[in-house]
Amino acid sequence: MRTTKRWIAAIGATVLSVVAGSAGAADPIKIGEINHYKRMAAFAEPYKKGIELALDEVNGAGGVLDRPLEFIFRDDQGKPGEAVKIAEELMTREGTVMLTGTILSNIGLAISSLAAEKGYVYLASEPLADSLVWEKGNKYTFRLRASTYMQAAMLAEQASKTDAKTFATIAPNYAYGKDAVAAFKKALTALKPDVEFVTEQWPALFKIDAGAEVQAIERAKPDAIYNVTFGGDLAKFVREGTTRGLFEGRDVYGLLTGEPEYIDPLKDEAPEGWTVTGYPWYDFEDGSNKAFVDAYMAEYDERPGIGSLVGYMTVQSIAAAIERAGATDADSLIAGFRGLDVDTPVGKIHFREQDHQATMGAFVGTTTVKDGAGIMVDWVYKDGADYLPSDEEVAKLRPAN
Amino acid sequence: MGLFIAQLLTGLANAAALFLVASGLSLIFGVTRIVNFAHGSFYMLGAFIGYSLMQVLPGAIGFWSSILLAGLAVGAIGVIVELLVLRPVYRAPELFQLVATFGVILVIQDLALMIWGAEDVLGPRAPGLKGIVRIMGEPVPQFDLALIAITPFVLFGLWYLISRTRVGILVRAATQDREMVGALGVNQSWLFTGVFFLGAALAGLGGAIQLPKGGADLLMDFNILASIFVVVVIGGMGSLPGAYIAAVLISVLNVFGVAYIPQSTLVLMFVVMAVVLTVRPYGLLGREEVAGEHGQVGEPEKPIKPAGNLARGLVALLLVLLACLPFVAEPFFTILATDVIVFCLFAASLHFLLGLGGMVSFGHAAYFGGGAYVAALLVNYASAPMELAFLMAPIGAGLLAVIIGWLCLRLSGVYFAMLTLALAQLVWSLVFQWDEFTGGDDGLVDIWPAEYLSDTTAYFYFTMVVGIGGILLLRHMAHTPFGYALRASRDSARQAEATGIHTKRIQWVAFTIAGVFAGLAGALFVFSKGSVFPVELEIAKSFDGLIVVFLGGVKTLSGGVVGAASLTVLQDFITRFEYWRLALGLVIIAVVIVAPRGIVGSIRAIAEQRFSRGEVER
Amino acid sequence: MLEVNAINSHYGKAHILNDLSFRVEAGEVVSLLGRNGAGKTTTVKSIMQLVKPTSGDVLFENQRLNRMSPHQVAKLGIGYVPEERRIFTDLTILENLEVGRQPARDGMAAWNKERLFEIFPNLEERKHNRGKALSGGEQQMLTIARTLMGNPRLLLLDEPSEGIAPVIVEDMAKTILTLKKEGLSVLLSEQNLHFARIVSDRAVIIESGEKKFDGTFEELESNPEIRDAYLSV
Amino acid sequence: MSAVLEVRGLTKSFGGVLAVSNVSFSVAKAEMLALIGPNGAGKTTCFNMLMGQLPATAGDVLLHGEVITGMPPRKVWRRGIGRTFQITATYASMTVVENVQMALLSHHKRLFDVRRFAHRAYYDEAMQLLELVGMQTQSERACAVLAYGDLKRLELAIALAHDPQLLLMDEPTAGMAPKERIGLMQLTADIVEERQISALFTEHDMDVVFSHAHRVMVLNRGELIANGSVEDVRSDAQVQEVYLGGGSLFNEVAEGDHA
């Protein structure tokens, strides 16, 4: 049988080819960073640049624990199974002390589960799934970014202030979309019990049939619309909706719609008057936000995305946690993260002990078009700490460790 | 009433791009018999090129000529692909070319990323057609009406070309017997190239013409793939009017689906396809496939014999060496080896179906993922112990295969393949969207093995025993009466039926066995990763399986395993580079061209030439 | 007109033709005889370049055909009528003929549908029917007519009488004789000795890919050893 | 002599066109019956209906008095009919002997066996059958590389594997050299005689038909136009007109040839 023979030979060849790749100079502290650099390049690239910017600053200031901080970037092809394999490789072969990364929630969840099983510390930087720190939360996993629930609750708060009674929702038909709608409904109903959801639209992710969706929403004649679509789906929805007059005289709430990654491609067709979460990088006048944007633009000569900010804050959080832990073993790192306060461009954030969620907030504002591009005006930064459920609720949601 | 008409018009407008792209795929398949996986990439290129052209060409004239030029440009790219990649492998076994087209997908993905960058682009709106028309009070975009008007002209033009012109007659003749067309003095290579040009151009046109309704992004190649396959199959492979009817049917039903059962998106299309194929197995306007009528069945497999003592000894020795791996290599290699074995078992189960059974399943991931999900669901909901969940996974996958096999086996050839794809997609979309039960895209996590297997090395040995045991069992089966009956049913169903062999039952059982072993691989997978997600049921996963089986050599016993091991190891290595998709795509294309019989098949051919003896594979 | 010079052909690993040489002169009808598996079809396909000879030359009007593709061979004026008929069953008779159409050649009256229908009146009656509706004999006629549309100077007929009713075989013989009168050269691969003798001037007998006899039928008659060894009745 | 096979009013229409029209005949024990007629007359369609490969539009087929119409081919086979095909059908990826072993495995109902190796099963029996048709020296060759005539002989061996009562042979000698034709038909005749089984065959070579058939039937445009002894059929005016032809071109040569 030739099968097995070849197979061994192939393995052997890789062994040889990769054995020659260890040993370093100043003994850096290595962090494993896993992301979908190809599959979601538009989001992962600004994120990576944010990380590199922060790394330069951290290492320029002498590193952490007097050692340089180093990130090892790996592409998981957007496959959770692959991400798990890479995570193992990073931890066992590359000598990384912890893991971070991912945009897609499902991969974040896969790594989180691995982290708990193997005792690796994982900082989920960008994935939004609520379950990451609640239903599926575990001792080893922390999350930086404001979750779906938090951002939806911010929009629900805005929506409750109007006299709109009937709502339509449109969200991609998968876990994130459903979470986002459920969170919005829950938060809004709590604030304003007499609202009615007259239709829920669930286009398939990245396969939206925008004309039909717009017709279906129009048919329900809602006072307001809650949008969770993003990317190409958002573009098509906005264009069809605008053409067919769907948004005329209606309040629209858009989750993540104001983030540069999503709104920039729309150019002058960006929706106007929507209440959205996003990142108004163009509008900071001073302070730490402005400093970050300036530094980023000086370094890369392009605008930062929300991913850039998250990447930057990821490094800040990790550096702070290691410094606070004083060591790089898992237990010390967990102690370092729990209750950690970090100074970031958006202000001080706090890694909660009860659910390992950071209190990074979000910018909420109104969209408009200026100079051929969609921007947010009248925005405010809402602190994430104000939009998290009570401790008792969290305790109920989160399994005991 | 007004709304009803408006919805109908929306459906008709949506059908336009779908029809253009699908008709190109249908045309290419009809003449060249190539299942062009890269067709979605042509569509994507059409959108990007159209977008770039519209940036420089002003006004209405510029807009429309950009669409036409995008079509021509993509047609030219199609010609390049045909000349460089496909022409060298036309003589390879049937369906082998799809591996090459898969390589093309990867290459185009990275090239598009290099040229147009990562950010989505929004297509410009059609000059002069930005507004709406009120039809019975309902707003209908002008551009929708333009699309509705244009499509029938394209359809008529294509129909005229195919049924009334000499070129069309030649194309249809070549669809049936291209060698004969060549022997009658027609340069069939150029006919193929021409058809590829036309097919790719239609895809490019489809990509460009939808720009005013959307834009261009790097995911649109895979996103349209399932839909156009569905359209082509529902319409009947090779039938242009069929593709039009199917595109309209799918699009219109989708519009009403959105309006009345909003949760149905994704699933609806596959349900329609399953229903149509159950009633009309060859699509609405397709005609029955007659096996071997295209004069390119490829040379038959070599007779097989069980391994001799020497070979068995070698295998045993290698297994011992493999068992030493945890002692000599870094822990990561144990993990990689576990992955390799799991994928090899998956590939071996597909090869059992595809190689021995001659049944090309485009949806084999359904059983791999199905098995993984059965185990994960049991652990998640019933807190089943790992042993029980592990046992139930192959059984569950087998049951799924029993059902899908029963539905699909009424068809054969490419229609069989397409129906397996559709039903696998149906399973995928159910898992993806029924998140209350399956966790949807967020998957099921924390599915870890029992305490005594939680160590990486322990799990590696477990995988070795179960995985390699499974592979050897499948291999053993090839040499038993059942394996022979399966090959007999593949080689000549006529003779088999006339000598008392219930071929469909044999194939059904084989389909189930393949499902069981894929499910077993899925079970090994889920406990090694601790989680399972719908991606394990996706088209891409099924394609991975097909690629390795063809790459390894479909007409050799060990092809599946060798292909799987090579690709897994290669991928692990190559994905460390930035433009790994480009590199991997080029490697795949190179292997396809250099080794058209697959890795094992080509090595064997070389060995045979050197030693020039032995009709028997050991 | 046609010169086959010491060609060797392989089919897969099997060595089918072994240093085979023979000629067909202008205006001549030559029968290639031999039992099944002797290499007749491979010879025809090797001339047509559907099978590539591994060595040796095939010359047509002093042009080397080796390395040409089949469509180039056809363009030079060799018409191929395959053994399994291989008509396009989904196309009508008229469309089948259209596939075969090639420009006229110098010095020969070009074939067109009207002329062909004179020779094959059955086909005209059913010209709008699809190929699959035809009987075996009609299909065979259509294959020949389709090839004639290419205005060949040399016709390669591979076992035209195979599986055809005797009454149709008679028609076929008449047709070939008519074509001969038109100035066509014909190479006929046959098993039906009766048929071959009526239509052809000369016989080439092959066995295991080697030539065993080349001469007139009278010579063959006077050489009973050869006849009995390779063809015997 | 009781009929082995009885066919009553067998009819097949394809979309309204009658391919086989009200055909009735019977096959006696140990009889060699030829079915001749022009291509497209319905011979193969007839065979396909007898064996169950095609459903009949009307009519019945009885084997030993039992109605077998509507049964799938594999069941017809189990009841004792073996067939060979006009276009040969063998298992190209197997060796010659394995082709016969396959039929034997089916006969002994061991198809779903996954315990033992197949290449040893019923080997001797298979070799005996190959010897019977003169193929024993080629037993280990891959079927794909066989010459056409050898494939025909192999098909015969396969068809004999389950000791059939009736052999259906669709153009058994097509593609064979004259000498081989005679040999194969003589072999068939011997088997028919020795095993006391029946054979129904179609054939275009009139030499073969006239020298081996006990009885001849002529099918034309789906209808049976003659059924009788070789001499009767040969001299039948209608048969001459639609099938055998006037022989104006051939006869003199053919006669001379036989002389």
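Residue numbering begins at 1 within each chain, and the chains themselves are lettered A, B, C and D in the order written.
As a convention for this text, a residue touches a chain if its C-beta (ideal position, glycine included) is under 8 Å from a C-beta of that chain, and two chains touch if they have at least 3 such contacts.
Here the structure is a predicted model, which means the values were calculated and not measured.
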Field: Topological distance between chain A and chain C, in contact steps
entry: 2
- request: Taking the mean of all protein CA atoms as the centre, name the chain whose own CA mean is closest to it.
  value: B
- request: Determine which of the two chain pairs, C-D or A-B, is joined by the larger number of C-beta pairs in contact.
  value: A-B
Whole-Å gap separating chain C and chain D, where each centre is the average of the chain's CA atoms: 30
Message: Taking the mean of the C-alpha atoms as each chain's centre, how many Å separate chain A from chain D?
response: 73
Query: Counting in whole Å, what is the centre-to-centre distance of chain A and chain B, each centre being its mean C-alpha position?
result: 32
Message: Can you work out the whole-Å distance between the CA centroids of chain B and chain C?
response: 43
Field: Of all residues in chain B, the ones touching two or more other chains
entry: 299
Multi-chain contact residues (two or more partners), chain D: 145
- prompt: What residues in chain C touch two or more of the other chains?
  reply: 12-13
- prompt: Hey, which chains are touching each other here?
  reply: A-B, B-C, B-D, C-D
Message: Please output the residues of chain D touching chain C within their complex, sorted ascending.
response: 37-40, 145, 147-150, 171, 174-180, 204, 206-207, 241-250, 253-254, 257-258
Message: If we count contacts the way the header does, which residues on chain D are in touch with chain B in the complex?
response: 51, 53, 72-74, 77-78, 82-83, 85, 89-95, 98, 101-103, 105-107, 110-119, 121, 140-145, 155, 158-159, 161-162
Query: chain A touches which residues of chain B in the complex?
result: 3, 6-7, 10-11, 13-14, 109-110, 113, 118-122, 125, 130-132, 138-139, 141, 144, 212-215, 217-220, 223, 227, 251, 254-255, 258-259, 262-263, 265-266, 307, 311-312, 314-315, 318-319, 321-322, 325, 329-333, 335-337, 339-340, 344, 432-433, 435, 439-443, 445-448, 454, 456, 468, 471, 475, 525, 529-531, 533, 535-536, 558, 561-562, 565-566, 569, 572-573, 575-576, 578, 580-581, 600, 603, 618
Field: Sites on chain A touched by chain B in the complex
entry: 1-8, 10-11, 13-15, 17-18, 37-39, 41-42, 45, 74-75, 77-82, 84-85, 88-89, 92-93, 105-106, 109-110, 112-114, 116-117, 129, 131, 136, 173-176, 178, 199-204, 206-207, 209-213, 215-216, 219, 231-232, 235-236, 239-240, 243-245, 261, 264-267, 269
Statement: The answer for chain B against chain C in the complex is residues 166, 169-170, 172-173, 175-177, 179-189, 287, 295, 299, 608, 612
